[in-house]
Structures are given as C-alpha cells and as structure tokens.
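Right, I'll just put the structure down here and ask away after.
By letter and in written order, the chains are A, B, C, D and E; residue numbering begins at 1 in each of them.
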Amino acid sequence: MSVTKLAYYPGCPSDATAIDQDMSTKAVFEKLGVELVEVEDWNCCGAAEVEEPELVYALNARNLAIAEKEGLDIVTPCSICYYNLERSNIALKADDKLRAKVKGIDSSLDYNGKIKAKHVLDVFVNDIGLEELSSKMSKKLNLKVAPYYGCYIGRPPETAFDDPDDPDSMDKLIELMGGEIVPFSQMKTFCCGGPLMMTRSDIAFEMARKILDTAKSAGADCIALACPLCGMMLDGKQADIEKALHVEIDMPVVYITQLLGLALGIDAKELGLNKNAVDTKEILGKVV
Amino acid sequence: MGEEAKEEFEPKIVGFTCNWCTYAAADLAGTSRKKYPPNSRIIRLMCSARLDPMFVLKALLNGADGVFFSGCHPGECHYIKGNFYARRRIAAIRTILKQFGLDDRFKSYWISASEGEKFANTMKSLTEEVRELGPNPMRGKII
Amino acid sequence: MGIAIIGGGVAGITAALDLANSGYKVYLVEKNAELGGKMAELAECKVGLSPRVVEIENHPNIDLMLSSELESLSGSAGNFTLKVSGTTVEAESVILAPGYDVFDNIAKSYGFGSPDVVTSLDFEGMLRASTMSGELLRPSDNKPVKKIGFIKCVGSRCQENEICSTACCAYTAKEVWVVKERYPDIDVSVFYMDIRVFGKDEELVAELKDKYGVKYIRSRVPEVIPERGSLKVKYEDLKKGVIANLDFDLIVLAVGLLPSKTLGRLSEITGVKTDKYGYVETSITSPLETNMPGVFACGTATAPMKVRESVAQASGAALKAAILSQRTEPIPGQEERKYIEVGDEQKIGVFICGCEGEVADSVDIPAVVEQVKQLRDVVLVNGDTNTTKEVLEAIEGGIVDQGLNKIVFAGYTPREYENIFKDAVAKAGLNPYLLEFVNLREQCAWVHDKAEATVVAAGMLRMAVGRARYLEAIPIEQYPVIPKALVIGGGVSGMNAALGIADAGYDICLVEKGPELGGGLRETGELQSGEKASDVLKELADKVASNKRITVYKNAKEENVSGRAGSFKANIVGDGVNEEIEFGACVIATGAKDVVPEGYSGKEVITQAEFGKMLGGTVSANTIAMIQDVGEGVAAKYSSIELVANALKAKEKNPNLNIFVLYQDIKTYGKWEALYKEAREKGVIFLRYENAPKYEGGIVTVFDVILNDDVQIKPDLVVLSTPTVPAEDNERLSKMFKIPLRNGFFMEAQERPKMVLTPVDTVNEGVFICGSAVYPAMIDECMAMSTAAASRACVLLAKNFMETPAVSSVVDEQICVGCGVCVDVCPVEAIELTEELIPVVTFGVATVISGMKKVAKVGDGCIGCGSCASYCPSGAMSLKHFRDRQLYAQLDYAL
Amino acid sequence: MKGAELKHGDLEGLLKGLLEKGVVDCLILPHRTGKSVSYMLVKDADKIESSASALFAPSFSVNAANLVKGWTIKEKVGIVAKSCEIRAAVELIKLKQLDNESVLLITTDCSGAYTNQVYTEHYAEIGDLVDSAKIKELEGKGITIRESCSICENRLADVGDIIIARGAGDDLVVAGLTEKGEGALTALELSLEDKDLERAAEKEKIAAEAKAKLASLPELNSLDALEEFLQDCIVCKNCRDMCPVCYCKECFFDQPLGDPIGGDLLNLAELRGAIGLPTGQLFYHLTRVYHVSTTCVGCGACEDACPKDIPLTRFYPVITQKVQEIFKYEPGKDVDEPLPFTAYEEEELEECLR
Amino acid sequence: MIKTWELDPNFKEEIMKERGGEHLTACFQCSTCTIGCPITEYVPSYNPRKIIQMSLLGMRKEVLSNPDLWVCLICQTCTARCPQDVRISDLLSAIRRIADKEAEAGNIKIDSSRPIFDKAFQHQLEKYGRLYDIGLAKEYYPKREGSFFKGMMAMMNDYKDFGMRMFKKGKMGPKAMFPEKVKDRAVMKKIFEEMGEK
C-alpha cells in the first residue's frame, strides 16, 4: 500500500452535523492502517459562501502550509473542502505572485506547493486501491445503494477525480462491498440544493427531494454520499422536506465511509451510524 | 371485370427513364434496398429528350398495361433543356391517348437522382393504379 | 520511379487514378486490408466508390500495397526512398492522404453507451442495415424508430477539439435526408449552433426544413437524458424564453473529425510539420504543399473537410506530384486497338455475374441461364462468375476464344461500371458498343424478393438480348489531342490553373475579359492569413508573365467555341486580337462578384472588402456595425471568415473600437473557428438575428434572438458582408460550353445526391471548372480547386488521341428534308442546316429546274441527348446506340 | 389593316397586276376545268381570265400547300387559296419546306367546299359561288359540304399576306395583313385605306355552327372504336400523301427502321404465341396523327384521299385540335410563331402530365 | 429596446478583471450552460447565457441588479460542460462580487438574502476561523428579516424541528452552542483584511 500517513482536514461540520462522517472516516483509515494526522489548528476552507477566490486561496494556503510542514498530503471527507483546498492548491502552485501575496499576509501562509489535496473517496479508490480494500473487507453488504456524488467529485474539470457526468468511484466501492447499485445515474451528480438551503430553501428542498425520490423509486435501501453538506440536505433536512412538501420519503442516507466501515467489519456505533437523522437500522440488518 | 379476375391480374408495365436522374434514382432505390413491385421494365434513355412518343404508342399497342416515362425535374436536365422539349411531346401524346381513354395508362414523372424513395413509391403507386385499370384491351391482340 | 501515395481512402484513390491515368507509376499504400478508408463505411458511398476501387485493382500503373505502412522515408524531392512494410519503394514524390479519425472521447452526458445513442458513423451502419431490412430499427429493442434527434458539434468547437469539423453539418443533413427520404414518417430534429453548409448543401438544408419538415433547433445540446424508455433532450426555446424538451427514441451524435492517429507518426517519418491541431501544416496560398519539398498532403490530412474538397485536393496534389516526376508508363486506352469484323451472323454471349452474392442471393441464376439459352442466336450463357474480375475474364475469353460478337453483361449498374466493361470488351477486340448492360443488382436483385427477382431478371435479360441483336459496331475514330489548354479568367484560380498546366509542360492561352489579371482578389486588402493580397497577386502575375508557355490575352473574350475534349477551337476576340486558337482542354475560372445588398444606404455604409482596404489606412470610427447574411445572392464561403478577420484587424488598430456583428450563422469552418474565438475574446460583440436588421436615421435596429429584444446601435460605419453572385459571363459561357448552371454557378459533372467525386469536371468532357465559378470560395480552396482542374486537364492532355463520342446523332441525308426542327430542339446548337444546290426538284405537280436542298448536319458539339432523333418524323435523324429499332427491340421483349 | 374595295370584276386585273408589276414571278391559283376546279401555275398574265368564279368556287381538289411543298427556289410565287390551304402553307414555311421570302400568300374567303366529286356532280345546283344560305338550302337537297369544312371555324380569310374578303353581292375587300401584303397592294397602285375586317360576329356564328356540327359527329373515344373505324384501312398511305403538312421525303413507315429482323421475329412470336406483321393500321394512324398534331389545319384532304371512304376528318382534325389547344397554338396563323415542339416555357403543361 | 450607446461598453472588461471573469468573451452563446443548469427548472428566468450576452453588451445595471444572479448553486455543471471554457460558475461569482460592491456603495439594490448570508458566514470565519452556526444564524436572520424579533421568529421556524433532531442525534450538543475557534485568530483577521471584500 502506497499511502500510510495523511494529513486530515475534517472541515467545520466534523464535530457537529457531520460528526458521523468524521467518526467513520477516522475509523476506516485506522482499520486500513493509514495514519491520519489532523491538520493542526485548521481553519475553514471558505465553503461556498466565500466568493472571493483570493480569500479562499489565502484561507486554504494556511491549511496546506500546515500539512506541508508535516510533509503530508492533505485528505478531507468533505467535497466542498476538497474543492477549495485543491483549487487553492492549483492556483498557488501555478502563480508565484499569488503565492508571494498570500505569504505577505502572514508567514504561516507560506505554502510551497509540495503537497496534494485529496478527497477520501479518491484515496480509497485510486490510492489505496480496490484490490487492497477488498482484501480487508470482512462483511458483505446486501444493500441496494443509490450512490450520490454531488457536485465536486466530477466537477469542475481541474479538481475532478471522476467523470463529470457518470462518476463511478463510489459505484465500484459499493459493488466491491457486495452492494447493488440501483438505477440512479441521472441523479448522481445533480446538485442537492445545499448552497441555497439558507437563502432559497424552497428550491433547495425541491432539489433534494428529487434526489431522494429517485433513490426511493429506484428501490434503494440507502443513499451513499461523500459530502457533509449533501448529508445535511438529504439526511438532516429530510424530515423538514417531508413536512414542507407533504411527502413521505424515509430514505436512509449514509456516508460512503460509513458503508466502507461496515464492510471492513467496524462496529456500527464506531461509525456513528446511530447518528444519522434517518434511521439506519434496516441497513445494518443487511450487513452479513 | 370481376373482382376475382382483378386479383389475378399482374400488370405489365414498361418505362423509359433518363440516365441521369430517374435511372440514377432507380439505382439509389436499389442501394437503399427499397422494395417495389416487379411489374415494370425499364428502358434507359440518355435524356428525356430521347422519348419519341412513338415508343409510347408502340408499347401500348403491343399490349403494355402501363407505360411510364420519368426524367429530371424540369429545369434540372443534364442536357440543359432536353426535358422541356420532352414535356411538350409528352403532353401531345397524352392528349392523343386521352381521346381513346388510354391516357391513364401512360404516366409521366419527374424523379431526380436523389429521389430513390420517390422512385420506389412511384413504382408501387403506378403498379396499383395500372392494376386498377385492368388489362390493356390490346393485350393478346395480334397486331 | 514513381509517386508514393500514403492512404487509400477517397483522396488517395483519386490521386492514384489521376496519376496512373496520365502515365505515372503509382505506389498506393494503405494500412488496412481494403481500399476505401472512412468513405467505405458510409451508408451508400461504397457503391459509388467501388468502381474506382475496381479500376485501381486492375490498373497496370498502380502497385497496390494493402495492409502496409510507411516505415521510413529518405532522400529528397525527385529521389525518395521509402520503406513500406519491409519493401523498398523509390519515388520522386510523395502524397500524404492518411484521412481522419473520428472524435471518440464523447462526454458521458450524451448517454453514449446507451444502445440508442449512436455516433453518426454508427448511424451510417444502421442506415446500411436498414437498407437490407427495409426498416430503421432502434438498437435497444428492434422497434422501428419514430423520432430521431441529431446533435451536432459533438467533439468539435469545444475545448477538446477547438476547431470546427466542417463536414458534420453537411453529413448530418445528408443523413437526415436519407432518413426522411426513406421513412417520411420519422420525426427528425437537428440541434445545432451554426449551420455551416454552402451551395447545394445549403439548398438541401432549406429543403429539409421546408419540404421535409425537419426541425432545426439552435441549441448546443449538452446532455441526453434517458427517461421512461425514451431519450429526453433539453433545449432552449429562444422565442418563448424557456427550456423546452423533446423526447426521441434515437439520438445521433454528429461527431467531429480529428487528424488521423497515424499522422503523428507520418510526420515523424517524413519530417512534415503539423500544426497545433495536429493537421499537416499548409498555407492558404499553397494548400497542398508541406514544408518538405516533394511531399504533398491532401484531404483531411490538412484540415477537416468534406469528400468534395478532399477529392479536389487529391487531384491537385496529384498534379503537384506529377510535375516533380517522370512519366514512365503507358496510358491505358492509348494503345492501338483493332476490332474484329462483325459479320451478319449473330453470336450473342450472355454473362450473368453473381456479384459476390449481391445478385446471386436474390436471383436464381441457373434458372435465368436456362431461360436465356432458349433465345435464338444466343450462343453462350455464363452464369458462373461471381466477381468483377471473374466476369471480365470470362467476357474476354468469350470474345477471344469463342468469337462472340455481341455481349450481354448482367450485374452492376451501367452508370458506374459501363466504362470498365467497355474497356475490357475493347481490349478483347470487340467494338465496345456491342456490349449491352443489364442492371441486375441495383434494379432487380436489391429491389425484388427472391421469386420475383428471378422472373424480372429473365425479363430484363430477354430485353437486353433483344436489343443486343440490333447493336451496331460504332466506328471509333481517333483524333489527336492538342496539347494546349485554354484558361478562362485571370483571377487567382485562373492564373494558378494556368501555371499548373504550364508546369506540367503544356501551352496555355489565358484569357481575361478585363484589363488586368487578378480578378476578385484585387479588391482585397489582406488575406485572412495576413498576407497582402497584392503581394500574392503580384507573385502569381509575375510567374504567369515570365512563363513562356502562357500567352495572356487581356480585354479579350473567347467566342465560337467548337470541337470536343482534346480538340477544341475558339476565337479569341478582344483588344486588337481576333485569333483562332486550338486547345485540348479548357479550365473555366470566371470567379464571382459581390453585390451590395439593398436596404442599407448612406456614405457610412461600406462593404467588407472596402473595409478590408480601409484597414490598410486609418479607420476613424468608434462604433462599427457589421451586418452579415443580408441581400440576395449566396454567401461566399469566406464571408464569415473575412468578417472576423477584418474585425480582428480593426480591433488591433483600435482596441477600444466597438464592433457589433449582426449575423445568422457564423460560418468559420475548420481552423477558422480559432479566428472567431479570437474576435470574441478581443471584444467583438455578436448579435444573432432572424429578421434582417434595419438601418434608418443612423441607427441600426436588430432583434437579438438571445435577448429576445430589439437592440439599437449608432454606428459610425456600417460594414456589409456582400452576398456573391455569379460572374456575368457565366451565362454566355454556359451556352457556349454546354455546361448547366445552378443558381448561375457552373455545375459539376456528377450530380449525385450524396457525394461529388469529380468536383472540377463538367458534363462537357475536357472542360473543367474551379474556384468561385463553382461556388464563391476561400483562396485556399480556389488554389486547391484550380490545381485540381489543372490536374484533370493534364490527365486529358497527356493522351495522344481521343476517341469521338459514339453516342451522338447521325443524319441520313437521303431522307432528311431539312425542316430544321432538329436544329431548334438541339439544346447545344450542335446541328445546323446546310444548303446544297440540287439540279432537279420535283414537288407536287410542278417541276422546276435548280433549287436548294436543306440538310441537317450534326456537328462536333453533339452531346447525345437524342432530342433531334425523337422529333424527326421521318427517322432521318437518329441517335447512335439508341436507335429506334434498338429501343423497339427492348420494348418488344419487355411485354 | 389597310385595304381597298373592289368588285368581283376587278380580281382579274388585280392578279394580272401582280405578275405584270413583278410583285410575284408566278402565281398558283385555281382555275376552272369544265365543272371542276383545280390549280394552275401561271407565268403569263394573259392566262389569267375571269378568276372570280374559280377563286371562290366551293370546291376542294387538293390542298394548294401540298403543291408547293418543297418550293425552295428563289422565284417568288403568289398563292391564291382558301384559308386552310394558306394555313398549311404557313406551317410549311415554319418547317422550311417553303421560303417565306419567295411566297406571297393570298387568302380568299370560303363558305365551305364540296368534294370535287359532289361539286362536279351538282355543279348545276351549286354554281360558281355560294354563301351560307345557299349551302343550307342545298343541304336540304342532300348536297352537303365536306365534313371537314362543316366543322371548320376558319372559313373567313384571316391569314396570309393578303386577304380577299367577300362582301354583299359583288363587293370585295382586298387587304394586306402583313407588310409584304400591303407592299404588294401598294405596288398595284391601289389606294389603300384603313379597313376593319375583323368580322367578329360572322366568325362567331361560323364557329358556333362548326362546334355544333363537331359535337354531332360520332366520337372515337376508345381503342376499340378506333379499331372499328379503321378496319377498312389498307394502309395505302394516300391520306399521308395528300396531307399538306406531312412533309417527309420518305415516310418512317416506308422505311424498315422499326421492323424486327432475322430470328427476332420468331423469338417474339415464340414469346407471345403470335405477332402481327408490321405495320398495323393503328400504329400508322396514331403515329401520323401525332406527327401532324400541331400542324394539321383540318383541311380534310386526307379524307378526300381515302380510297376506302374512311371519314378521317373525324380522326385527324378532331384530335389535332385538342393537341393544339393545350399549346394554345393555331396552325398557320402567324409565320413567326414557333412550332409548339420547338419551344417551351419553363413552367407549363403540368395539367397535361401525370 | 436596448440602446447600446446608453450602455457601458467597459462592463465586460470590469468583469474580466475579476478572478474567474477572465473568460467572459469566449462565450459563443451556444446555450449549453443554460440547458444543463439544474436551477432553470425552478427559476425559469435564470439564464446564464443571457446574463453573459447582457454583460458583453454592457448592460451593467440590468445585470448587477438581476436577482437571478443569486440563485446560482455554484454546482459547476455549466463550467464542466462549457465548450469554450467560459467558467460560468466562476464568472457569475465575479459578477456577484461586483454587484455586492455596488450594493454596498448604494448604487443598486439586491433582491436576495444570499449576500447577507454570505457575509454573515464570512464574519464567523473572520472572527473564529471556523464556521459558528449559531453566530451565523444570529447575524443572518435578523438582517434578512429586517429586525431582531422577526429574525428570531424565522430562525425558530427553520430550526425548531431540525435543531431538536440534530440534538437528539448528538450532532448539536451543548458544545455547539459555543464557537469552535482557531487558535491563531489574528491571522484570520489579517487574511480577511488583505483578501476580503473591501
């Protein structure tokens, strides 16, 4: 195995709404024998709300610089964090002037462009590799899964690590775990509406519902995803959506790290599966 | 004629086509594998201008149940204006045939090289129309 | 030595035949096991291409090297050594014609991978399959297709392939047309950005929209959404300002063209430079030459293009290569031929070819053989051959060994194969007009069911045997070819054609009706490439002036053209000249002219050409409105390119200039797409309209379809892209040379619906057309076409003699009464009435001494339409090979 | 048009004048041979005598145009004849069987003509001149004009270079229709004044009668009817020989051009069981009617010529008129009008094609 | 009726000077962005290519005050598919920033709560270095609703079920009541001072 140690960037929701993702990520890496070193005193990546690119670059320069000092590539389970880290990484690497400007703000932002930023899914599929993962799996997931990728895994092209229209890294992982992929390709990369959650919740709810509905009518046991904002929309807000739109969905939504953890034989509790808003008990019953 | 007889009647049709448009359209119908009834025999002329109305008369007097002529659309003649002259001669012979109720047995079409489909469809409709007319009274007569 | 051609697609085939037919040794190298390239994959092109493939396979001057690849090249122009799959080939020059590859990195959003989403090339295959089955079936469930959506620009005009693939708009139109022709009920929508078609294709698209009801929807479609068993396509309905969608059951992706994957390696081997897109680098003033002297490139090796342009380039490259090479081989058909005397005894031989199953599968050939045997005077019926080669051998054997004197061949269509068979018959010593063709494949086997086909085949053969009996050996007279050419029009095309022919070693008369050489380009400031048009012209004009083989006539016209291919006569009449000239071939390069569209007036209204010249000096304007696609006439192929090039130059002079371009379609085809992008990037504003903009009171008002609102501009300059109309002289020349016009432009010989394999040939053999006389074209195309015309002329001029056309009218002077109707109905004025003095005339009841007798005489110009023969009531006039009795015989047996 | 009023008695002088003043080199005009009337070619003016009785004689012997078919010499000939004959001459000019420069076409009014046979037989009753009243009266006695005349709408002179129109009693008007005609009359030193010779009402009346007559004729409207109609035909081709507009030197039907040769006849007989030996009556007449379809002037010479008395008027003029209608062509009307088969319009005749 | 002489021809350059706006003029109006945009289904008036065309023409005011600017999800679908690499997601962000500045300067009014939210969000980062949900809500809702009271009501409405749900699942514990702070908050301040919107 090529990866043994990574800098871990948990992202802001990691101790709150996405604590389950944080727990499962840590547990899975541990099980896989990859050491995660949390980026010391990390700061927010800027999420979708910081529109000024240079501000994003500066914010992330700090995180990258910290990891760089450790000599470790940086990994995050959050798609937006990944996008911001990696696009900052690319911009900083390519532009000496920008790097100097950022460094001028504070010496702690002195980033030399020596490391990579990674999404956990990318690490699983492309760095650790399916073969390696397979060898460590002890459980089979008799699950029908709707793999939901959201925006930043296949888009935009420069940070993407999967196909923009038909990504399949999660599919492969799920199939490896013994899961069955339900027909879901049209929704795989459809935005969950998260960015409008606070300003146009009407639209956000409709968008999320479309994803949930599709998974449901495709017969999925659960939706798998890899981003805490998507998790918030599809899982956290699911009951609100049901109420607002007068529908009944009841679709479990889990992080891919949670599923992987199950396949690796990690205890459900350790993976935070009791913390998902929609009950996941039925899923657990299908892990054999 | 009784319906039964009509059923069995297979018309014999002879047609004249110009080399550049309709003959090419017939070839195109072939390359497009457009099936059409086997009742027509084609005589290739280089241009519609070569259609001597005597051919039409001879064909009908020989007992052809149908005769057709087809060439390039007026204005698109390979020989510049051959079909304009042909059109006048065709109109004349049709008028003569009309006198004896034979004009229905003589059809003229303009089918360009690209109209393979039209050619095949024309062969279909032509065969049906002639079948509907029944046999040429001259058929079987010894002349 | 000889010429090596790398690539056996349509371009390679064309170049090979032009060269081989003018006496050059050709090595044709094809990496696949078969000739034809991509074209052989197209639905119906194979049929058109196969006769040429047969010709190549049987050509004594061509070494066909299939499944072979070029491994190395050494030496220099005039003395190359090539290694081709282990074999050493010596050549004086090399032509690269590797063709193209299809864009295959198709975005998954198109649903590519779903069986019902296919590429245009796959679709050609489906059309071929539907040809057999009669139905166009959806791949996923084999149900008949009802709604097809064509999506254009898949893999072109995008980041992965920046340039426009040029051919897709036309090939899509062609595919749509085939669909609508065959299955009128199939609903077709085409999603597009700009419709980049010209000339005949433009008419086709208009017809598709108007006559066939095809929906052309302006939207670049990014995704195909499978939904409930159908394929949903979203598009922008600009009028309603909404995203609308349509459901289809089949989606055809019009995929772009990429340079051939082999080109990179060829470039390494040959040292030929490629451009940033991966195509062979050429310039617009010498589109066939590479950086390596002696190595030429043609077709899609140089840029994406259609078959027509590829073929023109191929002919042109052939001439360029020929000029560097020595003619070493005999020219086919130029050998002495003696024909056997055909006595009174009819010895008819009938040959029915199975055509590799294409006939044999439908027609019970043995049964037909039995029936044909019953006919009198049929001494041999051979139904055992299956390939062209076999049947040709059998026919030759039949003539030589069994003394057959009439041959009936049943197999392919005569339209494509007649010449090959005539040649074979002639070689065997039988007059080629004693051959009768039966079109068993196209008009019987492919269109009738098995039982029917056999009956029809027997009937067709009876007719043919009936006719064969009356066929006459038409004396084939030879006349010497005058090794001299006439070039009409002293513009770029004319000058370039003249230089090409002169370089090949023939004398030229170059006739220009105006006082100066240069034509339309004299009105141009800079070329799109930035070169000064005047420099290009000067170089050409100097070359022409210093070339001893070229005689230039200015302020002159050609009159009284007579004769035929190989031996024409004309008078050159003009300033102090009235000279009779003789020539073997003629190239018409009359060009076209711009007209200023009506409805836009004012001193600030100028044309793009005028603006181009203005750009040489100062442009004092702050706001310019450029209006395209207005006015009567055709839009020249360079129209959009000229516009964006000028806009860019103007922006370069004054970056703050506001330029608004009002257009319907920006047709910057091929690599010119880059120029369009640059213009946008430099801040040129493009406004798309549907109804022509108005210019009143200094204000241009245009309804912008994107904004769905009127936009007004106050320009200091209004620059109009001028539509083009044919040269005035075309009408006169058309009559004189008997070449039909289409919308005033000269028409090429082969008006097949789908492809043009002879783009510079005309119906009048020996007369070739090029440049804007055919369609107002860019300078690169004019250069390629004029070289092609020169090449085709040289193929003819290389011959020592020509044969008089056999299918021509002939008059029986004893019967002719000189009524002169034949004169009136001859479309080409080939007949004249001559007066002969006669000593005694008896008429009615009176007798007078002395009188004049009028008799029709058929001149050299006869094109064999038969108009005269059909009128002549007495039968004094008849058309050889289509005589009354010959046609009656067919009629007699048809019934 | 310009013309002059004359009396019947002036005609002789007028015609002599044409020769004497050198307007024409010779004249073809009807002359009397006993009860009958036929044509003569006159060089000597003295041979012209009392022309009026012959000129307007209601008799049809041959079509005068047939006599000048092939007149290609330069000497100028004046032809005095009925409308149908002059019309045929005009067609022959178009067909270059007659040179317009060497003819002066003089058309006389016609009231309808009797066949030579009827005329001589009933000369006593008919006389030298008839008018429509007289024709009607004679009809009552069973003396009828030729069927072709009875369906002719063009009896009044209105074509050619000069017309000679009959007025009441002894009155005549001679007028020039063309420059050539007017020139000739001027040369004769006639004082010409503007004349209106449209005679629309009279023409209409004749046309109405002709149409009514045509409608009353039995129609040949099927191939069977035609076969029956032609059953007596022996293909002697006399109809063709007497036809003024059938101008071939050697007819297609006199040549072996269409005939099968050798074993072909037997092949065909074998295929069909039996074949007729060429050439059939139907083919001959249908081809001929097509050949004259635009030029037939309806003179009825064919019918007169038929030894089997087949009423060919019911075939030739009846059919050819229909063809002429589709081209809006009136044969012989205008020498400058092109023959229908030598002209075209880019858009036309769609209704005649199917 | 759009009168070009009344427009601002420099608007396109203004956008192109912004990071992300550089590729504006590459657009050839093919409609790929608009067709593929997930938001058009919910906001039919939203039309990126029209916004681009208006920007190119210089319809500065109309573009900047267009509320549709603020419904973009930044989902990058348009960016990924744009054949001319216009980077529409980034481009719209650039336009939004200009609009924001203009609104700040009082030149236009923005009919969207998104800038309020974004700003509130950024304030948390500036203050704490990480997202502080409650701080965000406390700033956002009152500003959006125009008064503290209304804001609190709106917040309650949005959060009463959700908060309880999260609480039950241990995702919004007492710990969440207080901001998670970056130790080096000085640097946060510096970053915002140097790079933030001015």
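Assume contacts are C-beta pairs under 8 Å (C-beta built on N, C-alpha and C of every residue); 3 or more make two chains touch, one makes a residue touch a chain.
Given the structure is predicted, the values throughout are model-derived calculations rather than measurements.
Shared contact partners of chain A and chain E, listed by label: C.
Steps from chain A to chain D, minimised over paths through touching chains, total 2.
Chain centroids computed from C-alpha atoms place C closest to the centre of all protein C-alpha atoms shown. Using the mean of the Cα atoms as each chain's centre, the chain most removed from chain E is D.
Centroids built from CA atoms put chain D at 36 Å from chain B. Taking each chain's centre as the average of its CA atoms, chain A and chain B sit 74 Å apart.
Remark: chain B and chain C have CA centroids separated by 31 Å (rounded to whole angstrom). Put simply, the C-alpha centre of chain A and that of chain C have 58 angstrom between them.
For chain B, residues that reach two or more other chains under the stated contact definition are 53-54, 58, 81, 85, 89. Counting partners per residue, chain D has 258, 341-343 as the residues that reach two or more other chains. For chain A, residues that reach two or more other chains under the stated contact definition are 164.
All chain pairs that touch, listed by label, are A-C, A-E, B-C, B-D, C-D, C-E. Listing the residues of chain D that touch chain B in their complex gives 220-226, 258, 274-276, 280, 282-283, 286-287, 289-290, 293-294, 318-319, 322-323, 326-327, 340-344, 346-349, 352-354.
By the touch criterion given at the top, residues 53-54, 57-58, 61, 74-75, 81, 84-85, 87-96, 98-103, 107-108, 137-138, 141-143 of chain B touch chain D in their complex. Residue ranges of chain E in contact with chain C, taken from their complex: 1-5, 9, 12-13, 25-32, 34-36, 40-41, 44-45, 47, 49-50, 53-54, 56-57, 81, 83-85. Those residues of chain C whose C-beta lies close enough to touch chain B in the complex are 44, 47, 131-134, 177-178, 181-182, 184, 413-415, 439, 441-443, 445-449, 452-453, 455-456, 459-460, 463, 738, 740, 751-754, 763, 807, 825, 827-828, 863-867, 869-871, 879, 882, 884, 887-888, 890-892, 894-895. On the chain B side of its complex with chain C, the touching residues are 12, 14, 19-20, 23-24, 26-38, 41-47, 49-55, 58-59, 62-64, 77-82, 85-86, 89, 112-118, 120.
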